[in-house]
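To start, the structure under review is shown below, and the notes come after it.
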């Protein structure tokens, strides 16, 4: 079992600041070993990778590539060549969309879900806009906040080019049935893209088991540095996909007439990459593996259950997402009747330094479906304790007393 | 009541709970709606002029304490002002009248002011 | 005058490693205050910007936006809204190319130069490939390694949509006449894009004076963190340009039918940005301004002159780029007769821990024009002393003795 | 001569300065050219077989000490081997024969080996 007291000690912000941080689905805090790894990089290495012919560059390259290996191991990929480093989850999704667009024998429908984050909607919207080859459709979400599998089946066909979905919804917390979604898509020869931003920080994952074609996620949502994301793609796909962005380090041969790409992953990494962050992400994964992902999952599940239970007991609180007992990621979105979520966030911040999120969480289509103007959200991670949940609940009640309802 | 922690200035809260000038004008000279898509807040501001003086003003919509409170306070501030005077109102003027709400909420405060500016720019 | 001894003390790598680092045009080392600024961020802040309604997020946003202001001041931009944060210089150029491509009333010729880096060639090649609206042409480089202005004039016309060029060539060191290039382009209503990767670290720059439409550069080439670049664009252009990439934080309103963009710069910054790096880049600019850019320029010019002089005195060395006396950025590319540049790099590394670059420097078309398979390059920065140049020269001579020539 | 610093293994340098099997075969069974576009190195490797045995081998091209040295050493290694035996040669085998050149230069070493593998894969 995770020892929260010990874990907390690794996070300098929690020492330096009086804060109960419950906005982990947006971004997480950073543990000392990761901060140290960044400093180490800048103090002892710091040379550009691959192209430098001197010891410093060689050592940097070695650390750099060993991070790539670690990422491959972490998600159970076949090979480090399947790991493309991006600047965030969003960039990975844009790369896939642009690349499929350039892939001239592709045409047909792209399916995403109503519960997708803007990052997995807008790249596809851009792709289909003004295109005669592509169309975008949305799979429905049921009233219980889960994916409507019947609707999915009915929209899936041989015309479907690709299916995008969030492993875990960043608003509902819904844990999607990866296996089922993938199998159904593959039966229709559609590619499957999982937005793993909310899954990878919390749950064990094995690409090979799930047979996904693409997976994207962000380092900064799993204790890692800002400015780094990962795009996993099956080797044979990355080999065949045209790279959408040009620059240094991604070509073998450039003449005016002809360009010969490097092999993946370099083909998709034009320009100087976030080298320090990549090296530090190796340390991040080491830290997470030290805590054990399965332990993290259990710990966060416990906090989430506690939050759902206690919020459910408050008559003027409405909770969104899957019913109690159904699988749920480490977050709860809700509204307090008569209190605007923005006011609630300010109230919790003023009353007890509790940091929560309020707004649309970059999921406006979903809020529309739910008939909501906005919502409040708490989300948990390794350094949160059940006491944090309790203080959050107390503050909600206090806020209700003070702000009451609109008259 | 002494220990009750402060979230907002009591005045603002009062304006939110009992807003002034809420509703619709019969035949407004200007009617502008502003939205904050990040939270779904929406304020419609309506003005009636007599010459270049703002003779009537009402707002309608839904929103948080700060956007509703600010709209209520703003409508009180502008009534009787000339278009020129009203155009010169700044976010700081409004914020000063609201006991300095949190900085990260300034775009809640500015919603009605933006509507006012929009309306007057059409004059 | 720059006190190199003092400056050196700010760079931990130079204490921890026995290295003479002469690969600064690729990437620079990092001074203590910048490393500290990154740690400070992760130890005391670390919350997502703009959207969070709590103190931590508010403070982060303030630091973050003050970095943007500093960048605007540094390059003399009118407003921080003209500063888009990217992951590197390369991404900035890709954004411009894709955005102009999406701008439907644009059509005609794109002009770049033979001395451009792949990062300012490939995005345009991608843009014109298979497009019926655009064509790509290259402005010649003269035998003296400068831009052929007559050729430029002859290729420029009312058909020209945009002109791209490197402020300073990363191979030749040529300092291009920004004013002249820009004025001529504007007379033809063409947009002007300067790749400033090699300029900004070294020379004072004022956008308003030069009237550029776009400017791009990289933080990691000017003592800043990896994973961060800057795209400057004139406000009216950024306002009108369609954003090419979709994601969170760059939209005001998303419904299934319609999308309303945020104002620039957010419109071009989808997803979570490299927040820590942006904050630390503020400290980087403060550090550079502390040294004074004009002083840096003078110091680096001195080192470069010394290197050119001494290399010119060696009969078996060929130097490329502008003649002696002509303006030159802080780098020298050259070849040692009979020694492959890769061997030279290995030799300098083995003989005296001297780090230089060898290869094509991501400028293959230029090497083709120069009739070279590859070249060696030394490049200087604030922590290099004239002694470094001398040791480099000694090592070149020693390498020649040992490796001799191919028989 | 005692203090002369080492850059490369003396053997490798010797192979570079006096390469074995440099030139062209009259009627090769296989001829493959490999390029390293990062530095412009280019090696053409030619093979002649007798049955499944490599009876003749030559290389031509230009490159650095390591790519030329490796080509010279490799051609010595493969002559007389069967296609099967030659196919099993690895980069490590070659590197071991070259006194462990710097890791960041491995793709210089592998140029001729890549050509060999390409040629034999056509068999």
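Each chain carries a letter (A, B, C and D) given by its place in the written order, and its residues are counted from 1.
Just so it is clear, a contact is a pair of C-beta atoms (placed from the backbone, for glycine too) under 8 Å apart; a residue touches a chain by one contact, two chains touch by 3 or more.
If you're wondering where the values come from, they're calculated on a predicted model, not measured in any experiment.
Across the two interfaces under comparison, A-D and C-D, the one joined by more C-beta contacts turns out to be C-D.
Distance from the subunit A centre to the subunit D centre is 47 Å, each centre being the mean of its Cα atoms. Averaged Cα coordinates give subunit A a centre that lies 38 Å from the centre of subunit B. With centres set at the average Cα position, the gap from subunit B to subunit D is 80 Å.
Shared interface positions of subunit D, defined as residues touching 2 or more other chains, are 37-38, 102, 105. Annotation for subunit C: residues 51-54, 57, 251, 253, 342, 346, 349, 358-359, 364 touch two or more other chains. Pairwise chain contacts in this structure: A-B, A-C, A-D, B-C, C-D. The part of subunit D that touches subunit A in the complex is made up of residues 35, 37-38, 102-105. Those residues of subunit A lying in contact with subunit B across their complex are 340-343, 346-347, 349-351, 358-360, 364, 367, 372-374, 398-399, 402-404, 406-407.
Those residues of subunit C lying in contact with subunit A across their complex are 12-13, 16-17, 19, 21, 23, 26-27, 29-30, 34-35, 38-39, 42-48, 51-57, 87-91, 93-94, 117-119, 121-126, 138, 218, 220, 225-229, 244-251, 253-256, 259, 270-277, 342, 345-346, 348-349, 353-359, 362, 364-365, 368.
Taken together, the subunit C residues at the contact with subunit B in this complex read 51-54, 57-58, 61-62, 251-253, 260. Those residues of subunit D lying in contact with subunit C across their complex are 4-8, 13, 16-18, 37-41, 62-66, 68, 102, 105, 108.
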